[in-house]
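Just below sit the structures, each encoded as structure tokens.
You will see chain A twice below: alongside chain B first, and alongside chain C after that.
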Partner chain A sequence: MTLSEPGTAGRPSRQRPRAVRGLVGRILQVREIGLVLILLLLCAIVTARAPRFLEGPNLQQVALSATLVCIVALGEALVIIARQIDLSVGAIVALSAFLAAAWLEHHHDGSLFVVFLIGCGVGTLLGAGNALLVAAARIPAIVATLGTLAIYRGLAIVLAEGRQISATVLPVSYQEVAQARVAGGPLLVWIAMLLTVCFGWIARSTRFGRNLYALGSSPESARFAGISDVRNIAGVFILSGFLCGLVGVLWGARFGTVDAVIARDLHFQVISAVVVGGVSIFGGSGSVYGAALGAVIFAVLQNGMLLLGINQFWLEAALGVAILGAVTFYVFLARRAERESRRQAMLARGASLAADR
Partner chain B sequence: MRTGTPVIELQGITKRFGPVEVLTDIDLSLDAGRVHSLAGENGAGKSTLVKILGGIYQPDGGRIVRNGEPIRIHGAADARHHGIAVIHQHPALFPDLSVAENIFVGRQPRRLGRVDWAAMRQEARGLLAGLRVDIDVRLPVKMLGLAERQTIEVAKALSLSARVLVMDEPTSAISKEEATRLFEIVETLKRQGVAILFISHFIEEILHLGDDVTILRSARRVVTAPAAELTPESTVRYMVGRELEALFPKEVAPIGQAVLEVRHLSGCGFVEDVSFELRTGEILGFFGLVGAGRSEVAQMLFGIERPDGGEIRVDGRPVRVGSPGDAMQLGISLLPEDRHQQGLVLEFPIRANATLPILGRFCRGPGLVDRAREARTAGDYAERMRVVATGIEQQTGTLSGGNQQKVLLAKWLLPSPRILILDQPTRGIDVGAKAEIHRIISRVATQGMAIILISDDVPEVAGMADRILVFRTGRVVAEFSREAADHEAMVLAAAHTPPDPDVAGRDEG
Partner chain C sequence: MTRPLRYLARWEALLLLFLIGAFVYGSSVSRYFFTASNLSIATASFMPIAIVALAMTLIITTGEIDISVGSIIGLCAAVMGVCLEHDLPIAAAMPLGILVGGLAGLGNGLIVAYVGLPSLVVTIGTLALYRGIAQIILKERGVSNFPEWYQNIGFGTVGGTAIPWSTVVFAALLLGFAVFLHRTRWGRVLYAIGNNREVARFSGIDVGRALLGVFTASGVMCGIAAIVLTAYLASARSDTASGLELQVITAVVLGGVDIFGGSGTLGGVVIALFVLAFVQNSLGLAGVTPEEQQIATGAVLVGTLLLFGAGRLLRARAAALGRLWRPRPSALATRTPYPRISEED
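After this line comes the complex of A and B, so read on.
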């Protein structure tokens, strides 16, 4: 359309930008910077009491335990941004890990490529199951994935018949995936970082990502803008399933042993990481990078408490405190922002009424 | 209490929002056993008055007198304490609780510490019987219609021994039969000595039900008179006033051939047999009261709602509009009525809101958005719409209403529609922004866009539209050409049902 406007060729009218007060204000605005600072602070505290924390093998341990949670958290973050939730992630990891390992057990010199294909394929398929229930049958995600959590886990248990597939029957090449190092770091960590960047890009720079944010913050506006909720919500569950399948394969490689009950509490860890990473549980805001940082923060917390010799029983409670602390802080931020926008809306209302008179 | 004694009197009530007076020096007396009707156009101050009586707003000047003593009403609970109950158009009841529980919520009769269900139901039945209505008190409220829910609100108010009942547009969303039943309840309440403030857009109701009528216009009380002394015509004249505005810079646009033809369209439960034709360069006004079916027609044209019958033709070809995506393919844009819920994603920056429907156009490869091109286009449109902001990355929710509306307009002009439907494009925004939006609408019409303009604002429709359709209860009841568009005639057509021979005899009020 051509909208020729003689005489309005100037710049858009400008309001003075609201001054952001000091460094603290700026950090509050970019959540990820705050998270990095918290992470560094955490590392400093742990190192001060237990210098062992900074030693190579320990750091590598932390990084490896963060990676698997991190990769699943990337998908979960997108799901939660779209105002949905996926509780079945741990079950998908278990089932795809088990099926991939079972194939390897019988094809000892089978190609690793096929293993990944099986793992990711199974994950994608199970994700599609969630998609069908949530997007097509319109069952609320929390109920649908609670159901599939049980079904997928049950399926894994039935197929495994209570047995373990252990390192002794799996080819060495499979386990080498987890031990391989590239450019001085573990391959797994590189994969996680690459995926984080990739998903950050999907969320920020693709149409699909934009649609997810729109659906998460205002489903009705999204509908009026012609965004298909069925297609996008289905897409996000399938993507989450795919990542879980990938993690299933990596899980087997890292731990060497696969049975039906691995990744039992993974959904709790993943959702915690996502929420601590600043993704709003009500959808529409937060970032994939935040979720990844959340996963790292959790890994450091866990490792740090171990190093400091804190009773294992306290660990769970401390993680709970971390979650509640983070969420309370975000709620505080959100409320502050809301007060501000309500104040502005009130002023605008006054002005518009004034103008109507 | 004797009929006619004032229960609540408002004396010189004034209310300001910032620099604006939304109520100026209002006097109003609510008398025992009498119905006082309150009328006025949108924005005249009716709902502010209701909120003051309900304790939601505090007046900035004047006083409220109850039984001769000045009182202050601090919040809804305090209003109840003073015997004032407000019946809203859409009562806020608990859908899953039973009728009896809803009436007694928070104060259930108890025996030995547990809820005495039998006594509660018994009392609820008694209350409803007193209103001469027959509703099973054990039914969950979600099974009931809107009119019955209002009745339950009334019963609840009575059980709280309300002496003043404020009914805020109770009839605008219910059927004629239901309204008749509601009026019977009002008669019963009158006999019990309740003072009633009745607010409605429908002129025959105002005059038929009210003993006294007060008419507000632009925050002021223009008249209070016994209903018998008013006619529909004089009522409209008081509501509308004499001011004629020439605010609207409508440019002359050449009107071409028909792009959109709608024949016998029906749907959404009450829209029936709507037919019209829209031509290039034409602005077609849809005027009517809220709930008259205008937005529903717009939403059927845009694929949000499915029509039950009728035909839509674009360029002479019959089309099926199954989704907003289909509508956009056909070159239709809809600027929806509720800019917060339906129009904008308030968390998004201006840029992302403006480009949301057409994001595909900026995509390369696997759906990758070309940010630079997107920002250029959005910035370009924001500039043309004269959006006042720190830049296109400012969060949309922090803009003023007028600027949000300009972003919304940019959003729906960006797809380059051939048919643009605007649902209340200037509601609640300041005069400056309003004038700019009118200027833009007028400009795109001269470029050949076909426009439907839905509005409650008579001067706006009369000033902008080439032709005006008036809607009432889901039908088109009148059509005016630009030259013949008479302010009072339009309001009368939208708000007044010409006397029906069957009902005309009914005259007990």
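After this line comes the complex of A and C, so read on.
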């Protein structure tokens, strides 16, 4: 057997048999494009049955309800990319929303900056609580956040003492945050878009973001590569908490009324948005843009059900089906890709052996 | 350590101390605590959780988790409620409820075992799905025309004693589960899977079938728990038992079952169940609201996990220290991952 020249051995593997797919095939390979197609299809179906869907005020409602879920989903996407999970998001939103609104109730002319500071601060603190349990004490995220979910939600209910803070006792300036319009669109939507781009950049282009992907795809290898799992996992939970705190403040501004049981099923909506958006539940793959698109898809779905007169009771079942369906679908895709790449590798090895002879 | 000492240092022994502590606390809170009727109520109210915890112990022993249990109970309750609305005899609705629970658990098990998805995301999905189905079939109605004898399953007592009927059901199931887990081959198989799934597979254990079995068992237990719970509440609603998974998982973890799988005993879980039941009862007598009790439950869960986590860390440190004290040549060699080749060679 002769030694093959460097360069010829690997060559056949580069000429993939199915490489000639053209531009359309290339574009369709981007997962987000598929999501956009699903979104457009969904919009078309809803519009066909209820033309009211496309009217301005309705679209704005859809966009507004997508924003809050979207912002939480950005954090959850990073958490799931790092092969963790955060079930306590809804409880963090509720507790920070309530504390921020309670401060505003007593300081009527208080500055909005302080309100955001309180909300985000509370969220960050609660996120740090999760981080302590998961990253420092190494408790599996699912049980740790199940426990903190109960603690945070219970705290919110105890602090609220069963009352709600309604729009009448909150200053108008607070609610104007949700109604403000910038450059023709609601401010909230712009905030969500800005955050999406920002988190897309964090995930793609910062060391922290890449560390999360590394930890998610193989914690062992990441550790051997010198990536601190404690610091990065803690960071991602704190970041998720911060976003939940921000959403808590925005939640109060948008709905006007805050009580302790808001955002009860938020973690379902957020997790389904993230997994439908193509973030692998095994960690290490997916993008925050996908998660944001997932949030928009769910907002359209929810609004469509309302317009078509489908009972809201169906929504929870639909969320469950979406989670299971999306996860199964992506796992099959991933396995097919793995088989394909293994086949390619074997073909390449066979070809290089043949070339050697 | 001598044998009796080691026996005393077991987690179960500590739990027994907790149980005594719960009794002392309860008696100090209210003079009604240590009465037969109150203890009976405290036990009966916890039996649905206890029944589900039996199967949850098996699931967590294999290193998996099932957080859809509350929703399965809700689904079974909804199905039985609809049967009752259609004038079906309750005796026919009960097996139907258990069957629905078994099917729901089978669904979980099939996806976990044969699609190969992690149980945590599967059961998050079915947590929403099963609750959603319960809401679809029962809407916001409540069904409460249960016959007298049925309600007796929930809080009726055996003959003239203070033992609730549900406790008899639980004891029978406990016996079955304890023999299965601690005295049969199949029980050892579950520990093997929880300790190292790959090794278990290579030893010829059918991991998929074992997982399918424990998840189905969990569903069946949820069906039985649904009967006990609807009998206790004397009503079936679609939101029955929502959030029950927290208490079940807390009891199992407090019982000393390793959350990573592979170790734990049903005895510990049973003591933990009674600790939680009596603590919750005495908190109720002390006027603590259910929400504050929820905080306490969450804190117990997190605190226990922290304790076991710290124990694991300490053991690892102690093991490392032990290696340092008696440095054997082989041990030293493994501690330097990249043996340097000196320049002089």
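Throughout what follows, the second predicted complex is superposed on the first by the 307 of 357 C-alpha atoms of A that agree within 3 Å, B and C clash if a C-alpha of one lies under 4 Å from a C-alpha of the other, contacts with A are read in each partner's own complex, and residues count from 1 in each chain.
Here, contacts are C-beta pairs under 8 Å (C-beta built on N, C-alpha and C of every residue); 3 or more make two chains touch, one makes a residue touch a chain.
A quick note: this is a predicted structure, and the numbers were derived from the prediction, not measured.
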Which of chain B and chain C A:Glu316 touches, first, second, both or neither: second
Chain B versus chain C as contact partner of A:Ala50, first or second or both or neither: neither
Partner chain(s) touched by A:Ala167 [first = chain B, second = chain C, both, neither]: neither
First (chain B), second (chain C), both or neither touched by A:Arg210: first
Touching partner for A:Glu220 - first (chain B), second (chain C), both, neither: first
Contacts of A:Met305 with chain B and chain C, given as first, second, both or neither: neither
Common ground on chain A, meaning residues reached by chain C in one complex and by chain B in the other: none
List of chain A residues in touch with chain C within their complex: 85, 87, 133, 137-140, 142-144, 146-151, 153-155, 157-158, 265, 268, 271-272, 275, 281-282, 311, 313-321, 323-324, 327-328, 331
List of chain B residues in touch with chain A within their complex: 17-22, 43, 218-219, 302, 304, 323-325, 327-328, 334, 336, 341-348, 352, 356-357, 359-360, 363, 366-369, 371, 379, 382-384, 386-392, 397-398, 400-402, 411, 413-414, 416-417, 428-434, 440, 443-444, 447, 449
Chain A - residues contacting chain B, complex: 1-3, 5, 8, 10-18, 205-208, 210-211, 213-214, 217-218, 220-228, 284-285, 340-341, 344-357
Interfacial residue positions of chain C with respect to chain A in the complex: 65, 67, 111, 115-118, 120-122, 124-133, 135-136, 139, 243, 245-246, 249-250, 253, 259-260, 289, 291-292, 294-295, 297-299, 301-302, 305-306, 309-310, 312-313
